[in-house]
Each structure stands twice: as C-alpha cells, then as structure tokens.
Amino acid sequence: MADYKPTEMMTIAAARLLKNDDICFVGIGQPSAACNLARLTHAPEITLIYESGTLATKPTVLPLSIGDGELCDTALTTVSVPEMFRYWLQGGRIKVGFLGGAQIDKFANLNTTVVGPYDKPKVRLPGGGGAPEIATSCGEIFIIMAQGKRSFVEKLDFVTSIGHVSGGDSRQKLGVKTKGPTKLITDLAVFAPDPQTKEMIVVSIHPGVTREQIQENTGWPVKFAAKVDETPAPTAKELDVLRELHARTNRAHAAA
Amino acid sequence: MARITSLSEAIAGAVHDGDTVALEGFTHLIPHAACHEIIRQGRKDLTLVRMTPDLVYDQMIGMGCVKKLVFSWGGNPGVGSLHRFRDAVENGWPHKLEIEEHSHAAMANAYEAGASGLPCAIFRGYIGGDLPKVNAKIKRVTCPFTGEELAAIPSHRPDVAVIHAQRADRAGNVMIEGVLGVQKEAVLASKRSVVTVEEIVDELPERSLNAVVLPHWTVGHVAMVPGGAFPSYAQGYYPRNNSFYKAWDDIAKDRDSFHAWMKTNVLDKGPDAFAQYARKHKAAAE
Amino acid sequence: MARITSLSEAIAGAVHDGDTVALEGFTHLIPHAACHEIIRQGRKDLTLVRMTPDLVYDQMIGMGCVKKLVFSWGGNPGVGSLHRFRDAVENGWPHKLEIEEHSHAAMANAYEAGASGLPCAIFRGYIGGDLPKVNAKIKRVTCPFTGEELAAIPSHRPDVAVIHAQRADRAGNVMIEGVLGVQKEAVLASKRSVVTVEEIVDELPERSLNAVVLPHWTVGHVAMVPGGAFPSYAQGYYPRNNSFYKAWDDIAKDRDSFHAWMKTNVLDKGPDAFAQYARKHKAAAE
Amino acid sequence: MADYKPTEMMTIAAARLLKNDDICFVGIGQPSAACNLARLTHAPEITLIYESGTLATKPTVLPLSIGDGELCDTALTTVSVPEMFRYWLQGGRIKVGFLGGAQIDKFANLNTTVVGPYDKPKVRLPGGGGAPEIATSCGEIFIIMAQGKRSFVEKLDFVTSIGHVSGGDSRQKLGVKTKGPTKLITDLAVFAPDPQTKEMIVVSIHPGVTREQIQENTGWPVKFAAKVDETPAPTAKELDVLRELHARTNRAHAAA
C-alpha cells in the first residue's frame, strides 16, 4: 500500500463518489481538488461549475479563488453571477453540490458563520456565501470535512445551511424537495444518512482507522451502519494524479 | 452620462462621506486602485455593499472608512480570514462595525432587482437556517398562484458603484469580458458610478454581437488606471496574483504591519503605482 | 442530455398531442422548419406559448393544431394582421381558439422566472389597462418593504421548447448569437426541448468568453436543418426574407390559398426544403 | 414650399422633437422612420433601442421587423429580451418611448387590442406587445398616428396602454411617476396635454390644414391651445433624407 496522508484519502474518497455525467457546483479547496481529481481519472466528462459563473470548466491547475482566470479560460462559457444563482442553481440544474464548514452536527447541518454568539463572536468566520441555497437547491450534497471535536459538534453555534435539520422528515417539512447531504467524507471515514432518522452514520472506514479514533474526533455518540466497509486505499494512480495536480497548482500560484 | 476624468477627480466627484458604496468584482476585476483612492481621500461612515468583501474592504475597514458592511462572504478566498474585518467585528477595532449579512443568492438577486428598478427581489432561499433570525431585511412573500413561500429582500440601490473593466471607448462605453460577477447590475442599480479601466480606446474592438457593454449614458466617471485591479486580475491583461493574496494574510494579521503596509503602498502612493503590474504581466503574456 | 437526431425523430419524441409548446425566436432564428414538421406530424390540442405568434403560429392555428394561445403580440411584423389567427379568434375557424393574452414584459418575465425555477414573476406592469380584466392569471403582490403593488404572473413552464440556433457541437452544446430573444430562457424553463441548427460542428468555434451557450445537458433533441429559420433569419448565415413576410399577407388572407400553400410547401415537403435558403444566402454573403 | 405628403409631414414633425442626447425605445413603422430621420439629420448621436434587445443601433435601412439583422449588426451590443424589459425599460433607462394604435382617446389612452367586445371581436388587432409597460416606464411618450374618426374616438373599445387615464392627476394616482404622452403627432397637427386637465389639445397645425379638418377627423370635440403655431413645412433636406431612407429601405426589402 502506498504511503499517503489522511487528507489525501479524504480527497480521493470524495472523488470516487463522482460520476462522468454528474453536474457539480464546486467550492474552493477540498471540493475543487476532489472534482478535478475525478475529472483527471475516472470521470473525464464530468461537468464542473464554479459559482463565479464558469460553466463546464476544465482547469489544468486548481484555482485559489472561485473565479481565477484559469476557470474562465477553460470553460464552455461564463455567465454573470445573478444568472448563475437564478438560472443554474435555483433553476435546479445542479446534481451535486459540495459543502464544508467550521462546524457540523449529526444531521449534517453546517456552520460557517460564527463561533460563539452572533452578536459577540469568539471567532467571526467568513459566512455563508453560496451555502444556504446550495444546501437546498442541488440534487444532493457531499460534505468534505476533516474530523475533530471542535468541528464535529453536538450543537452548532449558528445554522448557516441546513442538512437534515432535526432528522426524520424535518427537511421535507420545510418544503425542500432535494435530498440534502447524502455523503459526508472525512479524513477518517465516510458517513451517510440513516434512512429513517437521517442521522449521519459511518458506512465506510478508511484503512488503518479505528472506530475509537472516529468517536474521539466526533462531538456526538457516533453510530455505525450494520455493515461498515473499509474504504479501499488510494491507488498509486490516484495518488500520482492528485499530487501532480497539487504540485502544478503550487508552481502556478508561486509564479503569479 | 460618462465623463472621462482622473481617478482622484472621479472619487472626489462620486463618493461622499456617508454614502452607500458598492465596489464590485467577483474575484475578477476588483477595483483595488479605486479602493486605495477612497482611502487616500479619507472617506468616512461608508456603508459598503459587496458579495465578497475581500482585501479591498479589509483595507477600508482597517483604515476606519466603514460604518456598516452588507455582504455574504467575508474571507480571503482560498487563504482564510480577513483579519481587519474580524478585528472590527470581534473587537470593534478601529471602531464598531455594523453588519447586514446575506447569502450570495440574496446579494446577487438584490443587485439584479436593483438593476431592474424593482423595490425587492424574490427567490427560493434562506430555508431553515439562522440568517433570517439575525437579519430583519429577510422577509417572505407568498406566490399568489402556488402558495409557495419565497424569500424576499430589498433590492440594492447604492449611491455609487465602483468597478474595474478592461476597456472603455472615448464616449465612455465600457466593455467587460470574462468572470462578469455582478458589476453590470451594480452600476445599473446605483445612482452614480466610477469605472476604472485598463485602457481607453478610440473604438471598442471587434467583438461578439452580444458583448457585455455598459453604454456611456449608464456610466458616470471613467478613469484609466492600468493595473488597477491588481492583485485581482483583468482577463486578457494580467493574471490574479495569488501570491499576494497569501501574503496579505500575514500583513493584515497585525494592526501595526497593516498600517505600515497601508502607509507605504496606499497613503504615500497614487493610482500610477498600479501601472507596473499591468505592464509586467501584459508583456509576459505576449 | 442532448441527442442528435433527425428533425422528424425529434418532433416525434418531444412534442405530443395536448402539450404546452413554446416555439421561440424574437424575429430572429424562428424555428420554421420545426413548425412545419409539427404540422406534418398532425399534432393536435396544443397550447402554444410565444411572445409574437408570427407566421409559425398562424400556420399551426390555420392547420388546426392549436387549442390555446398564450401570447403578447399577434401580428405580421411590419406588415399587418395574422389572418389565420384572426380567423380563429373572430370566426372560430378552423375551430375555436382559447387565448391568454399578456404584455411583452409579462411574457419575458414569465420565461425568465421559469428558467429560474420560480413559480411566479413579479414586475412593475399592467398599470391601469384592461388586460388584467380579461386575464385571470394577472395578480398583484405587495412589496414587503415599500408597500408598492407589483404585477405577478405565473412563470412559463412549457412541456417543450422549440428553437433554432446557429450551431451545435457533436456533444449537443448549442451556441446562439445576435438577437437572443427569450430562447435560452424558453429552453431552460421547459421540461423538454428541440433545437434545430444551421450546422453541427466538431467543436464550437473560437468565441467570446461570455458567449451564449446552452450546455448539452440542458438540451433535448438537436437536429441539423440548414435554412431552418427561413423566412426568418440566422445571423451570419442568411438574412430575413422581408419579401416573404409581405407575401404571406396575401397567401394567408384566404382560407383556400392558405391551404394550397400549406399543401405544396409543408405537407408535401420535408425539412430538406429549407436547405436552398441557407445555401443561396450563405453563398451571396461570402 | 416643397411638395410632400401628410404622412411625411407627420414623420418629420416627430423627428424634430428628438434631441441628440435622447434615449429612445423605438417601435416599427412611423416611430422607426422618425427616429432614424432625426439621427440622419439634427441628432446624429441619438440612442435608439429596439425591444429586440439592440442597444444604440444605427441601421442604414429601416427594419421591417423589430429584430432585423441590420439592427443587430449596427448596434453597440444586443441583450436578451428579458434583460431588455427588466434592466432597460423597467429600470427606467429610457427617456422617450413611441406608441401608436388603432384607437386613441382624448387623454391619449390607446387601444391596440381589439375593435368590438374582447370576447366577440369585430377586428382582432395584434395586441399590446411592449406597449402597456412602455406607456408607464419611459420618461415620456410620443404618439404618432394618422387622424380619422374611426381611430380618434370618444371611448376606446379596450384600454391596452394608458396615457393620462381620465385626466387631471388620475395617472399619478395609479402610482405612475413618468410623464406619459407629452406629444401626439398626427398627419394634421401636433397635440400636447393641457397642463391641468391633461386632455390632448392642438398646439401646432401643419401647413395648409384647417381647424375644421382636424375636428372632422377627431371623434371628440377638439380643443385648441391659446396660442396655436403653424408647424414649419418640411425642409428640402428633411424630405430628401426621409425619401432616400425609404427608397433604400424598399430596395433592401425587395432584394431579400
């Protein structure tokens, strides 16, 4: 087995979930790495959309910002931001949206707004950006987040974007017709919603990771699926393509 | 009706203390030179509107120009925090900052409604989250045909929009290409506008039949400031300087290093300081 | 997901009896060949949506395909009446025609709202006139911030949109240039779509960064029909045949001459009949 | 004095009202002829917008339709029709709108919808098109219509677009902030609203036309301003430019 970092396993596990005919609303960072890894390996025709308006873009290096020139240069076309949010996101044309956050709870609700009270924040985070509507407008949501007790919490300080709300059918009761978070990919495991309760439960554990480690890095009592898989380790090809992508990206960003 | 002036004349004429100002540019074409000129001219009590406050508002907030911020994502893209923004919100430094927080969808719709002359925008959004609890401007309207409850927000109608574009002609027609963001909407939604451009040409070049052009009679001041978007970028002229965005994290983390940088690079300089970036990268691209 | 097929396969697959169908094209790129194919395939009970019914709907109405018309301006542009439309409304010939009448602003907003996935559109309109008295779909909503009463209409969500465009690539990405009308919105607002194009190319040509492109996964059937917009036009390919629009006035005035023309030029012909117009004018333009 | 037709006088009188810095929403037919005549004579920089989306267009021949390729080829740029109606018309960016109709009343309300009852029409007309919102969104409205008892009527069969409604401040009472019809140019005279009553009254009579002729061709008792001008006759240059424009147009349309 090749030597690799937990974040590499996380990116690769996320990339594998993507299919050739998916239409993805891609965020910067891990989602962008995962989507482009998928595109450069098993899903060459995947459609990547960044909220800056770039439709069907094929960047050769990862963008640092959501609107790097690279994204526009390699896109099928680029639309305005109002059009992106009206015709493309709200229009229901995106199959998979990616989200992450500073805090997540067991129903995959996310906080990217504030740690501590809103009016007297301990840490003021960037805020929701596209997340509140990505969370409800995309066909389904993949969440990518490294685990830790400060981020996987019992109760969010602020609900920036909803996952399965308070579980069960509480999401549908809000009038939302999309699936919400169907996968949560961490550096330790893959979670998916329990079909009834909608609590995110572990369905696959990355190689070498124990159930105890997962619990230690989660702020609520973790549930495991009846049958838990072991995530296949990264292949040499996956690691090569991902590392070369990051290396290309670092060279390009240092040069700019 | 467009008037071609210097940048300092444009800011002096269009941006006043207490104004609601939208500097727009979605990662692309961010009007950095115009931001610096507003700081140099010492504007106060501004209400700043912008989807992604970014380095420009970090600088204006840190320099004490800002009373209130209307925004949807306040970070340094791909890097992390905006430290001056955080210092203002968390510690009230250099003074308390009022915030009105939205989602991107809301902000984009509010500009679009403003450009459309409407008092409000409706969209499917803000479902289930906490933002409506902390922002009284988020309301609901009911679709009279389906009964669906939609989010409603007031349209943006800033006093002045400030944008950067690739080029204008001598009449003041402004052409924008690439990542368009909400710049066209911001200008059309605002009472006044300042547009900095990489170059002013006799005639707009051969272009697509559906090129994005702001006609001269929708534009206020036009000022030529080559490199004026740096470290943001101008597609076709120079690329985004991602290194600078990373470097900004260290510069802005500390109040003193922030002030030292602002003195050297903004207060003691003029808009011509941006020209080097335009030249360097244009040459490299050719 | 786009499928490249023949026109007859496209219409057979996408347009069914009783459907709500929007053939769009605002004077430019009107899908005449697709209209003829729908007539040849004998579709019935259609609800037709279109801002400017034009010759295409005059022909479909006269041939008895249409149950209801949703529209905002039913004339022959620059010439006068649509005689088949008038005959249906004034005399119920060939049968009674239900109408739902709007203004252009309402229709454009209804398409835009449909493309945006919204149940309704709001706009400042229909003030003081009689249309709201004869169209129950026109309602009012109150701006929750200003109290202003705005017009509200249901968004357009046709079963199928039919448009003509300059070109598609082999994946089915469709590129449109020139007078854009509401075609992009009509396709995005509809469940299914048929796009006829002047040519199918290996790769879309060098184009503006902000070119108007419908990605293949938003498009249904794509069929190559050179000249398929004639006597309307395809910018860059062939001009509008204004003489034919004038000639249509005489052809359509009389029921018999209308039927004779339809038999000769539509029922007894196929989509290849349009190719001559493409060739003639393209050659002339070169 | 040159020999000319009443419709030529009408077009020329309308053209003269336009200024170099006007931004006009141009309809097909007489408005298009008047606007382009103005552009080719005293107002070379006038901005002409057609509802097909063509901004600042400079056609060399008159378009037959509102969206002829000629308009697009010579435009600064062309926007989509939803954008035209949202950002440009509703956005309040048009100074002068042109309207005409099958019927007009003394308050310059217009009918382009139907003669006879709506449900049982004697003549079904094309309908409103852009008119209902042009009438209320443009800064002011110029109406161009040849006079006749069947078109200048006491009561409209249908109000397609409003002028001064029932006169006085009835237009403002509907919440409309724009001026409405400030001029009505006919083949016989020019009308303008009385400042108080808002009834359209004759302010200028074309050369050789009598007050009786105007009354005979109007379905309501016509009022005349205290001071009525005589419209200056068309100049040779105006007639030349207009006739050459029409000739060019006819040649182009016959060739197509």
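The first chain written gets the first letter, and so on, giving A, B, C and D; residue counts start at 1 in each chain.
Definition applied: a residue touches a chain if its C-beta (ideal position, glycine included) is under 8 Å from a C-beta of that chain, and two chains touch if they have at least 3 such contacts.
On a predicted model such as this, the values are computed, not experimentally measured, just so you know.
Asks: Starting from the defined contact criterion, work out which chains touch chain A and chain B both, please.
Replies: Intersection of chain A and chain B contact lists gives C.
Asks: Pick out whichever of the two, C-D or A-C, is joined by more C-beta pairs in contact.
Replies: Pair with more contacting C-beta pairs, A-C versus C-D: C-D.
Asks: Could you tell me the distance, in whole angstrom, between the mean C-alpha positions of chain B and chain C?
Replies: 39
Asks: Quick one: report the Å distance separating chain A from chain D, using the average Cα coordinate of each chain.
Replies: So the centre of chain A lies 57 Å away from the centre of chain D.
Asks: Round to the nearest whole Å and give the separation of the Cα centres of chain C and chain D.
Replies: 28
Asks: Chain A: which residues touch two or more other chains?
Replies: 72-73, 78-79, 86, 90, 137
Asks: Where in chain B do residues touch two or more other chains at once?
Replies: 112, 116-118, 123-124, 148, 178, 180, 185, 207, 209-212, 235
Asks: In graph terms, with chains as vertices and touches as edges, which category applies: line, ring, star, complete, or other?
Replies: Looks like something else, not a line, ring, star or complete graph.
Asks: Can you name the residues of chain C that touch chain A in the complex?
Replies: 1, 112, 115-118, 173, 185, 188, 204, 207, 209-213, 215, 217-218
Asks: Hey, which residues of chain A end up touching chain C in the complex?
Replies: Of all residues in chain A, those touching chain C are 21, 23, 47, 55-56, 72-73, 75-79, 86-87, 90-93, 137.
Asks: Taking the touch rule as given, give the residues of chain D at its contact with chain C in the complex, in rising order.
Replies: 28-29, 51-54, 63-69, 71-73, 78-82, 84-86, 89-90, 113, 118-119, 121-133, 135-137, 158-162, 165, 171, 174-176, 252-254, 256
Asks: Chain B touches which residues of chain C in the complex?
Replies: Residue list for chain C touching chain B: 116-120, 122-124, 137, 139-146, 148, 150, 152, 154, 177-178, 180, 207-212, 235.
Asks: In their shared complex, at which residues does chain C touch chain D?
Replies: Chain C residues touching chain D: 26-28, 51-52, 71-75, 77-79, 81-82, 85-86, 89-90, 101-105, 108-109, 111-112, 123-131, 134, 148-149, 178-182, 184-185, 233, 235, 239-243, 245-246.
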